[in-house]
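Given below, in the form of structure tokens, are the structures.
Each of the two complexes below includes chain A, the first together with chain B, the second together with chain C.
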Partner chain A sequence: MKKTIVFAVLVFSFTLSPGQDLTGKQIIQKVNDIMNVETSWSKSKMTIVTTSGNNRTFVSESWSKDRGEKNLVRYLEPSRVKDQAILMLNNADDIWAFFPRTQRVRKLASHAKKQKMQGSDFSYEDMGSGDAFINDYDPKRLDDEKIEGYDCYRVLLSRKPDSDLSYSQLIMWVVKDNFVPVVIDYYDEHDAQRVLKRLVASDIKVIDNIPTATKFVMYNKNDNTQTEMELLEVKYNINLDDEMFSERSLKK
Partner chain B sequence: MRDKILTKLADLHSSHPWKMLTGAIIVTIMFAFFAMQLSINMQMKDLMPSGDPKVDQFNQIIDEFDTATSIIVVVQGEEQRIKAFAESLAPRVVELVDTTQNVRNKQKILELENKIGTLRDQKKIADLQTQIKELQRRINFKLFQRVDYKTDTDFLSNHALILVKEDDLKNTGDTFSDPNLVGLLTNINNSLQKEYVEREKSMSTRDKEDGAVGFLDGIESLSLLLEQAVGGEELTKDEVQRTADKFLLGEPYFLSYDKTTLLLNVIPNFTIMDRDLLMVGFEETQALVNNLLIQYPDVRAGLSGDVSREHDEQVYSQQTLGYTSLIAMVAIFLLLVISFRMWVAPFLAILTLVIGVIWANGLAFLVVGRLNMMTALLSVVLLGLGIDFAIHIIAGMTEWRAAGDSIQEAMRKTFVKSGKGIITGALTTACAFLALLVSRSRGMKEMGIVTGVGLLAIMMATFIFLPVMLVLRERLVEYIRKKRGKTIVKKRDITFHSIGTAALWLSKRYVFTLVVSAAVSAILIWAALHIGYEQNYMKMEPKGLTSIALADTITEKFDLSMEYALCLTNSVQESRELAESFRELGTVAMTNDICLYLPSQKEQQQRVPYVREIDRRMRAASVKKTYSVSDLPKLKEELERLEMNVMEMQDMAFIGGQDKVDNKCKQIVGDPENPDAQSIFRRLLEKLESQKGDIALQGLTNFQQYFAPYFKEKVLKMCSTDPIKLSDLPVSVLDRYSNSARDKFMITIYPSGQLWTDADMLNRFVDDMERVTPKATGTPLVAVAWLKIAARDGRNAILLTLTIVFLLLWADFRNPKYALIAMIPLLLGVFWMVGIMQLSGMLLSFMTMMGVPLILGIGIDDGVHVMHRWLNEGKGRIFTVFSSTGKAILLTSLTTMLAFGSMVFSVFPGWAWFGEAMFIGVGACFVTTVIFLSGMLGWFERKT
Partner chain C sequence: MRRVIFVGIILGYLFSAAAQEKVELFGYFEPTGMGVKLDNKIQQLYTNKLRVDLKSKVGENVTFAANFDYITYHGQTLWNILDFLAPGVTDAVPPAMRGLYTIPFSDRHFLDNAYLKIAQKYFDLTVGKQQISLGSGYVWNPVDVFNIKDPLDPTYEQPGHNAVRLDVPLGTRYTLSSLYSADNSWENSAKLIQFKGRLLHFDYSLVVAETVWRFHDYTQFDFSQMMFSEMPEKRQLLGLNTAGELFGLGIWAEYGYNKMESSKDYYELVAGTDYTFDFLTYIMVEFYRNTLGKTDHHLYDINDWMRMYASEQKAICRDQIYALLSHPVTDFIDVGTSCIFSLSDNSLALVPTLNYSFTENVDIMAYLNVNFGEKGTVYSEKSGNGGLLRARIYF
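Up next is the complex of A and B:
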């Protein structure tokens, strides 16, 4: 599930000190840079709420390449879905799935960015797939604010008129020390006053010299549900073959 | 002036007891007549302010939409049996008539016709003729207009495809291009394996899940029938065609996901406001269901829906009020017997109370017409309060008679000395209740007026009826004594020395007493401020009511809340736009509106090319007559492919958390976690392998000969591209979604969660509804609006009550300091009440919150009586004050506590909680009065 699951944070450059007076655009550029890791691998745990109201927990492995453009997720647990895999290409515009029971690969959907990700409260576009934060929104720095115990920059991202993304605007709290976005509020497409979802990231750890938020909770204020995700293991900048992100390799 | 009236009244009682008794009986009969007309309406909307737009909208829907009121028959059992039960029941229900009023109506018609013969005024004659027509309509009144338990397949058969969304036509249109079995299976598989296209953002997960389950249901039916065919079973034309219909149009019956529960929606010819018809309609339907169940012993059935709920609540509320009142009266009687050590006077007190309650109920009918959820408690509240008056009269009469006064003299003294106190006490409490008249909500306002006026009615009954009975009793006692030659009246000391001793001890150690009072109060105030609010409104629902238990069954089996919002629109277009906005909300599971059957002209036009293409391809398809061995490999391949497609759907559903789809798939392809679970396709394939070719081929050919031509004909019929207009819709659909003038349309909006068990969900749902349109209404919206209004009303009522009580006491004591001191125990008592509730694990609810303004009116009496007596007795008489008045306030508190305490036995938990809260509150006020005032008065006496 690409960086949406990994949400690994890579600080490419420490040339800008935290105290420096940055514009909203510069902050978002930094966020975008550190979120778009060239390659990554992670093992994660995600708990969803089923339509009957029960919790269901999945453990999966994910590989991401080309700064999140290609993603492969393979389920490990529960046993019922072991080895089931999902391949997302073109920033989740194209999705394929592999089903071990039938040993078949199926193309599931195109243009599914706005869809819910596997019964969770995350959608594929929530985490700024590709360069969405840069290309689809106009950033504006707001007053700084302390949130979740971090001194943060607060940035308003207003959707550009030609963008087709689902949110009218985002407000992002970015940790001054490491440019990790710890809170993102997602606003209704038609009502810029109404928060639809809030993502809260926590447990920032330095992994491979990269500050990485390892716990995420997406609060869906529209459905009053929440999805928790935890990164159990993460590796960055590993060697990943392009062949791995193909329909053929899904069966492996 | 007051003394003169009281003396005159006392004299009338002692000199003309029989005349007074006759008068009291006549008045009682009159009020009893009115009291019998009094009904209870348990609907939340009746608590709202009159003229509230939400209530007006709600009432308009109830008035104009037949389907807004219904009886839901819930039938449970095996699928085929419950369908058969429904088919037997439905036609019988619509035949039901009300005959209970026939004799009365015919008699009235006769009377009116005779009256017309004597009249010349044409206007009056016309009026009477209208009345006659209405009465004639009520003779053998047809109770129900129809029973909805199946979808209107005729309309769907003609227009099904134009009703399908454009994206779905794109995704699944190919399915309808070949009527032959193998071709159909191939098309289904191709459609399932096609890349999914979706533009419809507003389609909720619920809609998608239901759509998928419906589709899988059709596949399951088709596969099961094929299994029978291949196994050599003889298929009838009818069952093959039914399966084809089910595949094409879905399940016609209102069946639950697991197919064990079926609903019949019985639409009456009356509204929920027609109380008599409602009761008859329910009882007749219940009787019919019970009779039919004898023929279907394996089926269970019961009634739910708003009519049934109204019936059950009506019956149970009356029953519960009946037996709780009886418990209260017996308990009060026993208490009085023990404390007065006699039984005749307590019996007379209870009799007076019953008469007073009859008067109060009669007045309630005249003032408000019907009781609501809050005022239904009138009788029990008045039992607790009204007995106080009788206690004072009996105590006075007993005291003066024991002192040797004649009957007339004793009655005069009782009236003059106790009467004034009774009047002041009654007026103070009644004023406190009447302060609720400033409330916005009708519930609070009626509570104030009904209780205030009721209390005055009981006071009047006590002044008129009880003294007469006491006079007659005294005459009888005197007569018996004379006859037996006894002249000495037995003296009874009815004071409580123990209270006096305790109060004296506390007053002497006033520092200790006040410090302890303050410390205990501080703890209880802290606890009171931390009390929670009951978020689960379902806990307020009565236990054991069938209608409510079955509503839970519907919620569980159909995954649908029975509490939904409604919205009235002025046009189809408005309905379409609002329904679209509602569907986008996360709190909405689904909406029901006319646009399901009436897409916009633009939408219809967009769908036409797809429908025409289906029509073209189906027309071109030829119907295969027989199956040969050469067809089997392809058939097996497609069955295997279908099995895999369903398995993949199942796996995606599991990951996506769509449990209903996962469960449906389990029924078709088995449970991956259960190796013993069977796949229908596996069984079918095994039969194809194992059966002798001839049997399988013959079976397939039989299936094909019935299925393919019918399927083709049906699909072609469904391909009609004639624009659908409002007037084309069948009556059953129109009646469900529009009024009889067809100029108003109703949207039903079902929430995605349980509203009554989750207050947060309720508030979010209501907020969402109101954000879309202020026209949204329905019980959930009315309930939330009422809670807000009630909270504001309650706060205002508390402030006003406190002000009124303070002013009355100031006027009474002629000293604001004394008025304030008399009120302090009351204020502490309220905090103690809430604090004790918190410490004992109770939560506030809207019913218990209602108790706070009431307790202000009730609890003040204790402090007032003690202060009065202390001022009258003078310094150094604390022992006497509390021995005598202490006993009176103990008795009145205990009787009130018993009355409220009896409500613990109510089947309505909300009422039981109210009773518990009031029990604690009255007790707390008594304790704070004795402790705090003992200390305070001790301090005063020391100071002066």
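Up next is the complex of A and C:
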């Protein structure tokens, strides 16, 4: 019995050991597990900061189910976009947008993911779509690096040939202690040396036992603008009916 | 004065109710200026529209929503349609009747929508004046027997229709909807059934509808009614609609076969595609056929033109192509151009557009409308080159 306990402790400490020799694939799998919880709800504030200091703020609610495979986002503020909603199913392969002023639901093709979210520096694709890091990129571990005050794994994610995503590659810095990605560089589709955008995550809190970055800033190197995203409230593993992710729910 | 008091009472009630957090109150103010060049003279029309929306959760799964519109018109508020038409069409109108073809723009206020929605697990029931949006076409919707969009401004909100609507979800992929829009009798009322589903990456729907189409004979004036003679006719529609993705392109198609009670049956067809490039330029192309339209512009008569301007008929030419190109030049400014080409009479309307998000809750939109078509064609220079500038202030 004692032997069993010692063995279990050894296995447990080995599994959690930050210094272990994880491959790029294993690191990204852990990132994916942390980012895609079974179900979640959040309320967030997005602020677009332009070079002229002309800021815009949006508040939205979002629901997610089946580890990010189903997503629904509904805008609460400002009045101009109130009740506009976006439904993404099958890891964002199917997208619908609802426009309350015309009561019209429009099916969007996946190319719409390249468009900016409300003019921000986040595209719909950047917001993540389920298992995209695993399914659309090949990971390769690079040299570890300290960044933003965290000891991090550094992983190169090269786009798979059959993927239709907009970036040729990503470089991700993942905190060794909790597998939260704190920095992601997004590279130009046609020039793998050119960084288009950088995402910096901060204010990591443990919510419902899940380490969660609650602040994000996307720096657009092209336009010299930035967009800040703050999670105001987050809940994980809540009860969500499949009906929540339907066209009917989009209109509510 | 009485109107102002009436509006004041309504708004006062709404604001006091909102203050008690019973009602969500929102809406917009929309000043618009438009100009049209006609016979080397620019004529202008200005409008101010105030839309006040309210929404209230009146019980568990029960919502009441409504909006009230108040619109004032200024400048050239009387427009004679004959001024925009070719002499070959207007010559047939007796001089004494020319004044009857004038469209007046008078200040108006109305309850655009007011409905109660009961959302239960097994159905949604919506009762009252409500927007009805059918079909996936961007400019034209063959399966929509209730609305006709303006091709120059196809995303503008449509008016509410008095109806009872029942939506029954069949799992998460299918929905059966039925709609009844009452008129003076069961026979004259509009009835619609729609089955909507999803297959792979495609949405599809089958629509069956019956309505009375109230178009007019614009050569016969009924002085007892002080309006052109109405020619109501029963219309039965069988429609199909689909939208999805193929080879990375967004695609959609809509078809509607219209069986007419006395006139000739006709069909409408829409097929469209769109794409967003990596550099964020967006392009869309939509083809539209309406066999009610004519293939030769020499055959357009006064009824065709009036029915089009009065939004009784979607098109007077048979085949058209709409194309839209837009690009975000900054985070808050989109520029683009749309063009509508009539394949039937070789005329073209070019519409350069600018959308500017001025502040968080203020949008500014401007477009020019330049027509390139010979006299008598649907987009002829004679039918008016012009432009529009519109701001929308949301609250």
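The definition used in the following text is that the second predicted complex is superposed on the first by the 209 of 252 C-alpha atoms of A that agree within 3 Å, B and C clash if a C-alpha of one lies under 4 Å from a C-alpha of the other, contacts with A are read in each partner's own complex, and residues count from 1 in each chain.
Methods note: a residue touches a chain if its C-beta (ideal position, glycine included) is under 8 Å from a C-beta of that chain, and two chains touch if they have at least 3 such contacts.
All values reported here derive from a predicted model rather than from experimental measurement.
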Q: Classify the contacts of A:Asn224 with the two partner chains as first (chain B alone), second (chain C alone), both, or neither.
A: first
Q) Counting only touches as set out at the top, which of chain B and chain C does A:Arg80 meet: first, second, both, neither? A) both
Q: Would you sort A:Phe245 into first (chain B), second (chain C), both or neither based on which partner it touches?
A: second
(Q) On the A-aligned overlay, A:Lys160 touches which partner chain: chain B = first, chain C = second, or both, or neither? (A) neither
Q: Spot which of chain B and chain C makes contact with more residues of chain A, would you?
A: C
Q: Tell me which partner A:Lys146 touches in the superposition: chain B (first), chain C (second), both or neither.
A: neither
Q: Could you say whether A:Lys205 touches chain B, chain C, both of them, or neither, answering first, second, both or neither?
A: neither
Q: Examine A:Arg101 and indicate which partner it touches, taking first as chain B and second as chain C; both and neither are also allowed.
A: both
Q) On chain A, what residues does chain B touch that chain C touches as well? A) 48, 50, 54, 56, 79-80, 99, 101-102, 104, 106-110, 114-116, 119, 223
Q. Taking the complex as given, what residues does chain A use to touch chain B?
A. 48-52, 54, 56, 58, 75, 79-81, 84, 97, 99, 101-102, 104, 106-110, 114-116, 118-119, 220-224
**Q.** Interface residues, chain C side, partner chain A - complex
**A.** 26, 28, 119, 121, 124, 130-133, 136, 155-158, 167, 169, 172, 175, 196, 198, 201, 203, 243-245, 248-252, 274-278, 280, 282, 328, 330-332, 357, 360-361, 363, 394-395
Q. Which residues of chain A touch chain C in their complex?
A. 48, 50, 54, 56-57, 78-80, 82, 93-94, 99, 101-112, 114-116, 119-121, 164, 166, 189-190, 223, 225, 242-243, 245-248, 252
Q: Using the touch definition up top, name the residues of chain B that touch chain A in the complex.
A: 193, 195-198, 201, 205-206, 209, 559, 585-587, 644, 647-648, 651-652, 654-660, 672-673, 752-753, 760-761, 764
